[in-house]
Every structure is written in C-alpha cells, then in structure tokens.
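Next up, some structures in structure tokens.
In what follows, chain A forms one complex with chain B and a second complex with chain C.
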Partner chain A sequence: MPYRLFVEPFQLPFMARALAEALLLGVLGGVVSVTVVLRRLAFVSDALTHTVFPGVVIGYLVAGTGGIVWGALGFALLSAVLLTVLPSNRRVTEDAALAILLTGFFSVGVVLVSRRSSYTADLTAFLFGRILTVDRREIVETAVVTAVVLAVLAVVGKELLLRAFDPGAAAALGYRVRLLDLVANVVVALVVVAAVKAVGTVLVIALLIVPAAAARLLTGRLAVLVAVSVLVGTLGGYLGLAASYQASVYYGLRLASGATVVLALVALYVVAFVVGALRRAGGRRRADRREADLVAEAA
Partner chain B sequence: MADRELSPALQFEHASVAYGRTPVVEAVHGDVHPGEAVALIGPNGAGKSTLIKAVLGLVPVVGGRITVLGRTPAQARREVAYVPQADTLDPEFPVSAGQVVLMGRYRRIGWVRRPRREDRQVAAEALRAVGLADRAGDRFGLLSGGQRQRVLLARAIAQQPRLLLLDEPFNGVDAVSQDALLTALHGLRAGGAAVVVSTHDLALAHLTCDEVCLLNRHQFAFGPTEQALTPELLRAAYGGQALVTDEAVVAR
Partner chain C sequence: MSVFSDAYARRALVEVLLVGALCGVVGVHVVLRRLSFFTMSMTHATFPGIVLAALLGLNLYLGAGVFGALLVLAIAWLWSRPGTDESSVVGVVLSAGFALGVVLLSAQSGFTKNLSAYLVGSVLAVQVGDLAVTAGVGVAVLLLLAALGKELVLGAFDRSGLRTLGYPARLLDVLLLLAIEATVVSAVPAVGVILSVALIVAPAATARLWTDRLATMTVLAVGLGALSGLAGLVISQLVGVSAGAAIVLVACGLFAVSWLGAPRYGVLSRFRHRAAIA
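Coming up: the complex of A and B.
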C-alpha cells in the first residue's frame, strides 16, 4: 500500500520530473519563506506574485514557453525595485501603493493575454501552473534560481536577520537598510520566477508563506525554523503530487496538481497548528503542576 | 574618571538637527570626553531621540556641527554603539539572547563570513558583563523587559565601541536589571568609552552621569549635574511641569 501511494507514481518519467521540480521549489520556498515571515513581507510577496504576471505573458507572446522565465525575471526585478522605492512617499500609505501596483500590473497581463484566441487555457496555465508538464530545461532553470537565491542568502543572511529584528540598530551600524530591503524583495521575486511554470503566479504565494508560518508554530529557534520550513516545503510538494496522482489514477478524480500541492502545504500548516497548540497546552499544564507543587511545599 | 587631556569623543558645536525643514533640536553646545557620561534630559518630545539619531548620522545636522571621534557622525558609526529601548523590538522574533549579542559583531565579521571563535568569546564576555552569562541560549522574547535591555547593552558592548548611546535604557526595568545595567555602564566608562544616556529619570541621571544636557527643543544647560539640574533650569525646560522638592527633582 505505501509503495502504491508513495513510490509507484514517481516511476513515471513525467511524475519524476514533477517531483524533482516540487522538491526544488520546496527547498527554495522553505528557505525564502523564513525571510518573508520574519520580515512580515506577506503582502509584498502577494504583490510580487501579481506584478510578475505581465512578464510571464509578454515572455510567452514574444518567445513562446522558453520566453516565460526571462519575461518573469525582467518583471520580477522591476517590481522588486518598485516595491522598495514606492513606499517612501509619505502621502500614500505602503499598502495602498502596493495595491495600486499589484492590480495595475496584473491587469496589463490580463489585457495582453485576453487578445489571444486560447485566452482561458493560457490564463489558467499562467495563473495556476502545470507542474506535470515541466521539462528538463525548466527543472534546470529552477535549480539555477535556487542556487542563486541560496548564494545570496549565504552572503547577506545575517544582515537580513539583523534588519528584520532591529532595523534601527542595522541603520545605526551603518547598513543601508534600503539596499537590504531590495535584496529581500529580489529574493522573493526570484522564487516567483522559479515557481511560475509549476504552480503559476497566484499559487506561489503559498510556497512563500506557508512553510515558515507552519514551522514558526512549532519552534522559536532560528536554525530549527529553517530546517522545519524546508521540510514542510518539500513534504508538501511530495504529498501533493502523490495525492493528485492517486486521485486521478485510482478514483477518476482529476485534481489540478499545483493546487493539490498548495492544499498539502495548507494541510501541513493545520497539522503544525494543532501540534503547536497541544504542546503549548501541555507546557501550561506542566507549569501549573509545578506551581501547585511549590504551593503545596510552601504550605 | 574623565580624561580631559584627550580630545572629546563627542562634540556639539551650536548644533541644530532637523527632519525636513523644521529643526527638532537647536543650539546644542558641549563636549563629551572619553570615560565621561552625559545624561540627555528633557520631557517627552524634547528631541532626545532625534539628537541621538543625529549623533548616529541618521538625522541631518542643519546648523552648527556634530563631531564624533574627530569625524562626521556617518564616518564614525562603526565605533559608536546604539542601544534602543527593548520594548520597541518584537518579543515573538525567533532569536536567542546569544544571537542578539552576536549582532554587535556583524560589522567586524563582514559579509558572507560566519562568526569566528573570537566573536563568540567577545559576545560571551559581553553577556557576562551584564550578568546574563547563563542565558545565551534563551529566546530573547522570553526574557524579562530588564533582561532584554541588558542583552541589548551586551550587544553594544560586543561592538567594543568608543562611544555608546542609550535611548531610555531604564524604562520599565526592575531593580536587579537596573543594577546590572549601571555596573556594566561603569565598566565601559572605566575602559575609556564615552556614554550618552537619554532619560527622564532625574535620580538615575544623578546616579549614572557626571554631566547633563538639559533639552526641550533647544538646550537649557550642558554641564556638571549639580549646575545643570537646578530647580530654575528644570522649571524652564519642563515648562512648569517639574515638581521640585528639597530631596529630589521629579519630572512629570
């Protein structure tokens, strides 16, 4: 039974490729979501997922599927810069500026894609991804982006930690906080680029938030947080693919694989939530008992 | 304790600092020498925090001059340590006390590199100096307010600064932590560091500092504590909000 559930699906070449892609994205999302959660960049990340969309469309229109990654990359860098510079205007609050940028860019993408005859099919692919059709080249692209992001985080990881924890101290130490923010935004944008093909520009937000958010429910230690986050990211990809395969092959249910991966991530979050709540309750009970013992001793 | 022979660690020359066009603090004039401690005293909104940010080079000096260790504030940053109020930091943030103290070493460690054994030793010594040697592994947010403030002072000590700036370090701090902070500050001054403490606690200003800069938008006094904290000057700076008794001066 476990073999049929967890091993058999991935002996098919297309499923093996999908798994490779999902595991890479799980590592990437697991690491970067720690930055997103610690810096409270959830809304910025959401904006980035939408602002990359027109780049995906333009890349596709200009050069076919091979152009998607380059269009996405261009718009990812552009929006990372815009998101860093934009909130500096005092009269428009940051969330309002983000909302304008998000919807404006997103609409450009929709307008462009709506001019095509295969409008709905294209739109669905761009928004929700097609992880089962990733090819070798796309896996290599994801691997390269993952390597670049991990390298960037190796260079400025501790500085990003300081900036997230205490921006005042970072500035006082002479770090250029704006530059560190730009790096963080670029890293998030790169995840969107890497994940476009597999889960689409909309669902990638789950990859950017859920792993670290789930891990945060279980631990307050940074190193453990990163490890658990990567585990949740990769496990979510693996379980999601296995589940969508089971459903379609044995139960005749066609589940969108990208969305199933996201559902698996959310399910892991729920598990983390319950485990975390139980552990906290257990901790409280132990503390109460200790207190009761102390009171009894005193009496 | 002060060594008058040395050039000042911090020098204000009729300095005015401003956000945008309107000056927040004007006409600050005085020196802080190595080993000396100066209290910045004034009511809320007097501009104490802004003046500290100007010394860090984060708020522009629009008139006069501020010289830090013989250089401009921005050039001197690496030798200046800043201690924020502990309650401005997120207690849920997943870092340990030891990790926070190590942050004081980041500029010396540089990009890419990880902390070396020397950095970890300095950080451990800094935690010992504030009496928290055994708490390095504890999560920052789970410590008491006073202990968190001590960890932030330890981070500043780990930076091995020549000038230390503290923003209201005694706010909401219990007696044990207050003692630990005072002892650690004393140690830093003995080592030749100059210290600037912003506070509205006049009793603590008496206890920690030998000089006072009395502020409210502009400078009312800068000099030895006894001369600067007179009832007349305090009334002037606090606009009649200071309660002056025989024993002590209480600012409201």
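Coming up: the complex of A and C.
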C-alpha cells in the first residue's frame, strides 16, 4: 500500500519531473517565506504574484512558452521597484496603493488574454499553472533561480534580518534601508518567476507564506525556523502530487495538481497549528503543577 | 447609443452603474479604515463558496455570502490566538480558499470556462435577478451606512473615543465587515472575485486625493465608481476585451491621473510647491 501511494506515481517520467520541480520550489519557498513572514510582506507578496501576470501573458504572446520566464522576469523587476518607491504619498495609504497597483496590473494581463480565441483555457493555465507538463529546461531554470536566491540570502540575510526587527538600528549602522527593501522585494519576485509555470501566478502566494507561517507556530529559533519551513515546503509538494495522482488514477476524481499542492501545504499548517496549541497547553499545565508543588511545599 | 441597443447590453449597463455606485460608497470606509488587504482576502475567500453553491445547485449569492462570512470569522478567531501574525493568517486563509475553489472546480467538467467567469466576471451575462440582488444589497448597505455612518467614521478616526462614548465597537466592526462582504458578493457577476477589490478601493482612494471633506469624498467616489463602470463597459464593447478588466483599468487610470495631477495632493503639485519654496 505505501508503495502504491508514495513511490509508484513517481516512476512515470512526467510525474518524476513534476516532483523534481515541486521539491525545488519547496526549498525555495521554504527559505524565502521566512523573510516574508518575519518582515510581514504578505500583502506585498500577494501584490507581486498579481503584477507578474501581465508579464507572463506578454512573454507568451511574443515568444511562446519559452518567453514566459523572460516576460515574468521583466515585470517582476519592474513591480519590485514600483512597490519599493510607491508608498510616498501621505494621502494614499500603502495598502490602498498596493491594492490598486495589484488589480491594475492584473487587469492588463486579463485584457491581453481576453483578445485571444483560446481565452479561458489560456487564462487558467497562466493563473494555476501546469506542473505536470514541466520539461527539463524549466527544471533547470527553477534550479538556477533557486541557486541565485540562496546566494543572495547567504550574502545579505543578516542585514535583511536586522532590517526586519529594527529598521532604526539598520539605518543608524549605515545600511541603506530602501536598498534592503528592494532586495527583499526582488527575491520575492524571483520566486514568483520561478514558480509561475508550475503552480501559476495566483497560487504562488501559498508557497511564499504558508511554510514559514507553519514553522513559526512551532519554533522561535531562526535556524530551526528555516529548517522546518523548508521541510514543510518540500513535504507539501510531495504529498500534494501523490494525492492528486491517487485521486485521478484510482478514484476517477480529477484534482488540479497545483491547487492540491497548496491544499497539502495548508493541511501541514493546520497540523502545525494544532501541535503548537497542544504544546502551549502542555507547557501551561506543567507550569501550573510546578506552582502547585511549590505551594504545597511551602505549606 | 448603438452599443446599448441589445437587451443584454442594457442589463449590463444598469448592473455596472449600480455596482460602481455601491462600491464607491463602501470604498470610502475601506480606505479610511485601511481595510484593503482584508477586502482582498474577503474577495478570495468568497471564491470556494461560489463554486460550492454552483456544484450543489444552490443560490450563488447565498453560498458566497455564507462561506465568506465563515472564513472572516475564522480569520478573526485566528487573529485573537497567541503566536499568530495578522498578515500571515490572512495569507494562509486566502491561499487555502483559492486552492479549495480551484480543486472543487477541477473535479467538474467545463472547468476553465466557469472558472474564468467567476474570476474576472461576465457582466454581459447578468440576468434581471442579478440586478435585483445588486439593487437590494445597495439599498440595505446605504440604509446601514445612513443609520451608522457617523459612528463608523468616529470609529475609523478615534476608536478609543468611540468606546469611551459607550458604543459597541466590536459590533460596529462586524457590521461594517458584513457590509463589505455583501458588496463583494454583489460585484462578482460584473467584475469577478479577483478584480472587485479594485472597484471598491480605487474610486474612494481617488476621491481622497481631491477633497478633505467626507461628504464630498463619498459623492465623488460614487460618481467615479459609476463612471468607471460605464466607460469600461463601452470600451470593452468597442474593442472586444474582457469587460471586468476594462472597468478596473478605467478605475485605476482615474486614480493614476489624480495621483499625478490632483490640485493639492498630487505628485506634480507637490513638486511645484517644493520648487516654489526653493
């Protein structure tokens, strides 16, 4: 039974490629989501996943499937810069500006897609991805992006962390806070670019938030946080693919693979939430007992 | 106008005018309270409700409204737990809702066509019943805001003042959130779940660039919302692009123009001001 559940699906070449892609994205998402959660960039990440969409469409219209990555990359960098300089008007609060930028860019993408005859099929492919059709070149592209992002984080990770917890100190130490913000936004944007073919623009947001949010419920130590987050990211990809394969092959139930991966991630978040709550309750009970013992001793 | 010679086009016209005006009114409160991310999560959280209602053959609005309200309560509960951070909770709920909706839909045949209608709207397909729902929601929301507008504005600017005066602040919050949720649901046929947030936030944020007075801001937001609906619909008919996206682009375009050129708070006027000082 476990063989049929967990090993057999991935002996098919296309499932093996999907798994490789999902595991790479799990590592990438696991690491970057730590930055997102600690810096509270959830809304910014959500905005980036939507603003990359017109780039995906334009890249596809100009150069076919090979152009998607370059179009996405162009718009990712453009919107990372825009999101860094945007909150400068006192009359427009940051959240309103983000919402307008996000929907405006997204609409450009929808308008461009809606001109095509295969409108609805194209739209869903761009939005939700097609992880089962990734080929060798796309896996290499994802691996390259992962390597670049990990290298960037290895170099400036400490500074980003300082900026997250104490922006005043970072500025006082002579770091350029605006520049660090730009680096963080670009890193998030790169994850969106890497994941866009596999899980689509809308579901990347799960990869960017859920792993670290789940890990955060279990630990406060940074090294452990990163490790647990990567584990959640990769495990979610693996379980999601296995589940969607099982459902469609043995139960005749078609489940979109990208969305199933996201649901697996969310399920792991729920597990982490319950475990965290139980541990806190256990800790409280132990503390109560210790107190009761002390009171009894004193009496 | 020849664009509106058909019955379906006239229904679409009425729908976008109603939705634009309604979103404008509610948007004023969303912008004043900085509820944009929350509204965003509401629009995404509503999605699986719509799919479920369609699968079970229930009323679309009922399914969307109930499901959205449930997830909003879930968010509120998670916020009150220790060790959770507000924006990541919203992010988790948002992606969970969206993925659930997609998985549910993918189990059906005719997947892609329905999906895009929910996501970006299909205003030309609205029926008389949809118009009635939008009008009904509009009247209810307007009555609510007329009755409680003063208290809600006080809450936006001075929460502790509101509580000191003995008003039930929590209850007022929940009422406002429900009004936003109802507006989102009624805007789905016209602009879809992803884009409805634009029609709520953009007109009000634009109005705020032009005036300091709340009454003027509200009137302006209503006008801008209805104008975006009208202009977007006409453009989409003439050029042959998605109506929901065209409406949103007009709303965002109006914002961009005002952000640059508004007389006192626009970027250009501030530059000129700075140059005059120097």
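Here is the rule we use: the second predicted complex is superposed on the first by the 299 of 299 C-alpha atoms of A that agree within 3 Å, B and C clash if a C-alpha of one lies under 4 Å from a C-alpha of the other, contacts with A are read in each partner's own complex, and residues count from 1 in each chain.
The criterion applied here is as follows: a contact is a pair of C-beta atoms (placed from the backbone, for glycine too) under 8 Å apart; a residue touches a chain by one contact, two chains touch by 3 or more.
Keep in mind it's a predicted model, so treat the numbers as computed, not measured.
Contact with neither chain B nor chain C is seen for A:R290 once the two complexes are overlaid on the shared chain. When chain B and chain C are set side by side, the one touching more residues of chain A is C. When the two structures are aligned on the shared chain, A:V202 is found in touch with chain C, with no touch to chain B. In the superposed model, A:R216 lies in contact with both chain B and chain C. After overlaying the two complexes on the shared chain, residue contacts for A:R137 are found with neither chain B nor chain C. In the superposition on chain A, no contact is made by A:R279 with either chain B or chain C.
In the superposition on chain A, A:G174 makes contact with chain B only, while chain C stays out of contact range.
When the two complexes are superposed on chain A, the residues of chain A that touch both chain B and chain C are 216.
Within the complex formed with chain B, the chain A residues making contact are 38, 154-156, 158-159, 161-162, 164-166, 168-169, 171-174, 216, 219-222, 225. Within the complex formed with chain C, the chain A residues making contact are 36-37, 40, 42-43, 45-46, 50, 89-93, 95-100, 102-104, 106-108, 110-111, 113-115, 119-121, 123-124, 127-128, 202-203, 205-206, 208-210, 212-213, 216-217, 253-256, 258-260, 262-263, 265-266, 269, 276-277, 280. Contact residues on chain C toward chain A in their complex (touch as defined above): 31, 34-37, 39-40, 81-85, 87-92, 94-96, 98-100, 102-103, 105-107, 111-113, 115-116, 119-120, 194-195, 197-198, 201-202, 204-205, 208-209, 240-242, 244-246, 248-249, 252-253, 255-256, 259, 265, 267.
Those residues of chain B lying in contact with chain A across their complex are 56, 58, 74, 77-78, 80-82, 84, 88-90, 93-96, 99-100, 103, 106-107, 109, 111-112, 114, 139, 141-142, 155, 159.
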